[in-house]
Amino acid sequence: MSDTKNWNRRDVMKAGAAFAAAGAAPMFFTKDAWAAKDFMNNPSNSSTVTLGFNVPQTGAYADEGADELRAFKLAVKHLNGEGDGGMMNTMKPSMLKGNGILGKKVAYVTGDTQTKSDAARASAKRMIEKDGVIMFSGGSSSGVAIAVQGLAQEMGVVFMAGLTHSNDTTGKDKRRYGFRHFFNAKMSGSALGPVLKERMGTDRNAYHLTADYTWGWTQEQSIKETTEGLGWNTAKAVKTPVGAGDFSQYITPILNSGADTLILNHYGKDMINSLTQAVQFGLRDKQVNGKDFQIIVPLYSRLMAQGAGENLKGILGTTNWNWALTDNGSQAFVKSFGSEYGFPPSQAAHTCYVQTLLYANACEMAGTFYPPEVIKQLEGFNFDGMGNGKTEYRAADHQCFKDVLVVEGNQNPSSQFDLLKIVKEVPRSQVEYDASIFGGDLGPYEV
Amino acid sequence: MDAIFLQLLNGLDKGGAYALIALGLTLVFGTLGVVNFAHGALFMLGAFCAVSFQKLLTISMKVRDESITFFEAYKEVPYLEIWFGDFGSMIIDWSVPLSILLTIPTMLLIGLAMERGLIKHFYKRTHAEQILVTFGLAIVVQEVIRHFYGANPIPTPAPDIISGSAPIGLWLGLSENLVYPWWRIIYLTFSIIIITAVFAFLQLTTFGMVVRAGMQDREMVAMLGINVERKFTIVFGMAAVVAGLAGMMYAPILPPDYHMGMDFLVLSFVVVVVGGMGSLRGAVAAGFLLGILQSFASLNEIKSILPGIDQIIIYLVAVVILLTRPRGLMGRKGVMED
Amino acid sequence: MSNLVLNIKGVNKTFGGLQALNDVNLEIEEGKVHAIIGPNGAGKSTLLNCCIGRLIPDTGSVTFDGENIIGKQAHEINQMGMVRVFQTPEIFPDLSLLENVMIPAFAKRDGQYSFNIFKAASSEQDIIDEATRMLADLDITGDRIYEHAGSMSRGDKRRLELVMCLIQHPRLLLLDEPTAGMARHDTNRTIELMKKIKESGMTKIIIEHDMHVVFSVADTISVLAQGAIIASGTPDEIRGNPIVQEAYLGGAHL
Amino acid sequence: MNFTKTRSDLTVMLIFSIAVLTMPIWLAPIGAGYPDLLQKFAIFGIFAIGYNILFGLTGYLSFGHAAFLGIGSYTAVWSFKLLTMNVLPAIFFAVLMAGLFAALIGFVSLRRSGIYFSILTLAFAQMSYNLAYSVLTPITNGETGLQLTLQDARIFDGPAGEGLPSTELFGISMSGYSGFYFCAVVLIIAFFLSLKIFRSPFGMKLQAIKSNQTRMKYTGFNTRPYLMTAFIISGMYAGLAGGLMAVTDPLAGAERMQWTASGEVVLMTILGGVGTLFGPLLGVGIIKYFENIFSAVNEAALHNFFSFLPGFLENLMVTIITPFVGEGWHLTLGVLFMVIVIFLPGGIMEGLDRIKKRYKTEGASEQTGDKE
């Protein structure tokens, strides 16, 4: 414990020094300094490099944000050569040396996105304008990710997205300065397909409840493509207001619709509520056309599983990563996260940790912080040992392609963290798609 | 037909929750003249009484999962189950209904403390100040809850035997697809009982008479030399209990999280105002009316004609009612019009 | 016959089953002070409310300067020149005394609506001067004109309201019990103020309980009982009218 | 208002302008001297000043002013998308559109007063928000927010280069400090107008409506047009603020129309002091400072701050303060609301007044007949 303390102290002073310097220096000076630099927030004159971690600290996703922040702090620690190194030891190929990034010690600043585009952009701007971050990361919603990704492009600062699942993030709204390690709705659909076929057959009648905003729509579309490809019929797709709380008025029509499968395109609180209530309406005990009624939650997280409790048992979905994976990378990460904080990391924590390391490694590979060069290193980068098998950062859309986990709610958990059971690790080849299908334009390297 | 019947039930159920929250809000407003933005927080605290009671009952012996070495993972076995076996499990299963034992005294205490400690100093202050101070209080309460329980919703299931649905269709000789969750039926019944109890209390007791008189004309009652202050305190306590019970009973329907009060706050104000400021009957009527309309607006047939109508119906109805009936459904002249 | 300012013809008004006004006819002549007296509940305030647009009579007509005013809104009637002093003081408690008097002066000068934000209120010298002069009539001078109106005594508030009405130089001033609930010396100050107004030749209707006030300021007196006018005449005629003494004054010696 | 004792408008404007334009310097030591937050101060300052014209002067508590902010933003972004990246048309249309909507919503809502008015405005704003978030996505781009794309028409601008264009005023880019100075100048103009309104007979009449609307009617004023004017003006201020938000950052999100956003401006105004000239600006400063700076303070920064203390004291202080910063910034804000309203009913301006008075009474023995 005292070790941690010491680390905190030392590192913090650096972080704080950057903080204080930016705060105390007359702004006119800073402004001129920017103009003189060849790119935004060039850290070449400083002994530290500052990263920004922009996560939801208030609002519905605050717990997820807190977990992301833990992962970021751990990543910074490992980059600076402290702690056990975590996935730095398993990442291949890796040029990370444990001496910071390009020899500069890593400092960080944090901010609150409030899961609102405006607040997230304001927070990111603060990091860029005041704290001088060279890269920022985090987030727990696609709307926010897309909004700050646009900002990243405008300001010329790399954004390594946290949890964002909408196809748009690396589809029609993709940006040269934005990168996503997390998987997306399209990949969820592709991964779920074979499992659905195996478990539920090819003759089903599906009813969608969809959160009425962009992420919900893209997921509905992707899952529909998959299920209709299997031969399923889509009985109806109903949009529900975000944060409705009580979904009963959307659930009762399902009873008489003749549908035998409910697909919940909800996330977070909405999903916890709609699932809890759907189960109360006896949907899981129902028989339709001689088939057991099934519920599917295409995107899942352990925190959501905690909130939904018993109701989630046996329900299928996909997830980006789970702490119970036994590969070396996952084990190394769970070990260092678990011993630091006393509980396992969430998928949001995992993706944030990986993103931080990937960025740092790209800088090392490029030999500079100059964003266009760093971006070129990330584009098309192939790596392994980060918990999802062999992974590629596709150059065409900045989307990572890797294995996707199909999971179900654990019927017999062996501990309070053992909520998700891995049904299948769907290999990367099955979830790949053509980058051009979603359109969009990455934009220029130089801004 | 079935669909309409079910939506009616949904509406009544929602309406029950709206009415319960609005009832306490309007009671406090009508007697104390205080606009209480912390009322939603009371609802949330009620739900967290259920959570706390469940936590209390499930204090567990922790059996370490030895296969996990990086951190301590436990399989939790509640002491109640260890000590009392099946009876213990049953008690835990019934934790939400049983938490009423904790909710009533806790909410009463919170209500009394809130009134004595803060609200009473704001009787004579402007509504703007009341809003600011109670909103501040709501944020503080919310953040304190988050500090202890986190931001993630916490599952608080209904007892096992009533966690499913009742075959209403079979009872009524209608379609077997016509089912409705037991707990929601209980919630509706419960809200009707509470509403009736509050009305009976106000109609039949001398205390209630004074309170009603106070809602009509506060200064008059004060002039009669009745100790109004003390009565106000009790009214506030009562409102807190009603809101708390509404929240507690809602926990199995909506897994509680620290922010749930804010989500209901705006809605409950709309309900109170549509009902007419200071009118208890109006609040209840508006609660049910808005609940039912909201449910019907969500029918697919209606949504296909007017997309998005389910998202705005409450506000739309509020506008229409306030324009046709200047003081809501049953409001009196001169109450909060300046 | 001199000019009629206000002509009330056959006005009826019922509330529920209660006949509040019963075929009331009243003619107010230019330059006269017309008092309306009557016991509580006789319909005095209802009559006044029918004149200023607060209530609409069931039947009958009210014409002001030859123009029908039934159905007109309060501000329109005011702009026509009929101004009312309320029974409970209606002033602007949050504004200063000076502003209280300036506001009605603006109404007189600029009409029911004007939007001009480029001249500061503090440079409206004419209106400030006039308001200051009017306040001086109330013995309010110097820095006292900047005090908040809400902090004044009740009697002062009512006199302030009177001044607020006077600055509009109304064609017709309606006074609803201007001295009700006042102590003797307070009443005297109000009477003095009203006498001053009388000298200016302004037409007035006064509703009053206090016979002392009525007989010292009125030119004509109408007696209202149970919603109907039972007598009209000069103070001396009314004083001597046996019906009035019977029905209203209860035989009291005046 | 004491006419003879008020400072001349010129002096007030001079002091105000200097204070606003030098914000980057005097806010730097407290960590608020960076362009984005400075822009936010100016923009929300305009929003609050405008809101104060309605709420502070007439007492009508609108709970839906964020809708006009949102409409201003959407209009401005559409102007960038369709017409030109020059900010002047964007701002013009933002103000115009917000004014139109304010006229519409005001016409309906002002038929009621008191809380009924508040709920009507709330209802309109919530409807706008809910629809903008979902059904109106083709116009608003829903949750993500309306942004510029390379495919936009921009008929008055030349062919687009590579990458997205940025907003400009005749060649001067509107991001960073130039964006702030632009907002600051607009703020100064907006404040000047508000000062004029406060000091004019029109403003006095609005205050009279707040004080006693019945008397106003019987004094010969048609109060509805006055209220409408105030409502539309404050709506246009909100639209202006919304337009400026888009100018400094061309993205318009639906959540800026949500009731919490409307509530925020109410809180800002009350916190600073309702109906005072400067109060709303103070409220804006405090709330935005908390949202942007307090929320970003983490344990690490605290350790650094208290590093001058001996180890155990440092840890103690950090432990005590941690719950109130970073993710706990809401808690601090809640406590602040309560403290202010309990001890200073008139908001911060009242606190300042009290300090001034105390100072005055102490100084009174030496100097009499002092001017304000």
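Letters A, B, C and D name the chains as they come in the text, with residue numbers starting at 1 for each one.
Going forward, contacts are C-beta pairs under 8 Å (C-beta built on N, C-alpha and C of every residue); 3 or more make two chains touch, one makes a residue touch a chain.
None of these values were measured; they are calculated from a predicted model.
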item: Chains contacting each of subunit B and subunit C, listed by label; value: D
item: Maximum centroid distance from subunit A, chain identifier (CA atoms); value: C
item: Pair exhibiting more inter-chain C-beta contacts, C-D or A-B; value: A-B
item: Intercentroid distance (Cα basis), subunit D paired with subunit C, Å; value: 45
item: Rounded Å distance, subunit A centre to subunit C centre (Cα mean); value: 75
item: Centre-to-centre distance between subunit B and subunit A (centres being mean Cα positions), rounded to whole Å; value: 35
item: Distance from the mean Cα position of subunit D to that of subunit A, given in whole angstrom; value: 34
item: Subunit B residues counted as touching two or more neighbouring chains; value: 311
item: Residues within subunit C bordering two or more other chains; value: none
item: Interface hub residues of subunit A, defined as touching at least two other chains; value: 62, 66, 212, 239, 241
item: Chains that touch, pairwise; value: A-B, A-D, B-D, C-D
item: Subunit B contact footprint on subunit A (complex, rising order); value: 59-63, 66, 212, 236, 238-239, 241, 243, 245-246, 248-250, 252-253, 255-256, 269, 272-273, 276-277, 279-282, 285, 303, 306-311, 334-339, 341-344, 413-418
item: Touching residues on subunit D, where the partner in the complex is subunit B; value: 59, 61, 108, 111-116, 118-120, 122-124, 126-127, 130-131, 134-136, 213, 259, 263, 266-267, 270-271, 274, 323, 328, 330-331, 333-338, 340-342, 345
item: List of subunit B residues in touch with subunit D within their complex; value: 35, 118, 121, 125-129, 131-133, 135-140, 142-144, 147, 266, 269-270, 273-274, 277, 307-308, 311-312, 315-316, 318-319, 322-323, 326-328, 336-338
item: Sites on subunit A touched by subunit D in the complex; value: 8-9, 11-13, 15-17, 19-20, 22-28, 31, 57-58, 62, 65-66, 108-112, 116-119, 121-123, 125-126, 129-130, 141-143, 146-147, 150-151, 153-154, 168, 173, 212-215, 239, 241-242, 441, 443-444, 447
item: Footprint of subunit D on subunit C - complex, ascending; value: 52, 73-75, 78-79, 83-84, 86, 90-96, 98-99, 102-104, 106-108, 110-122, 124, 128, 143, 146, 164, 168
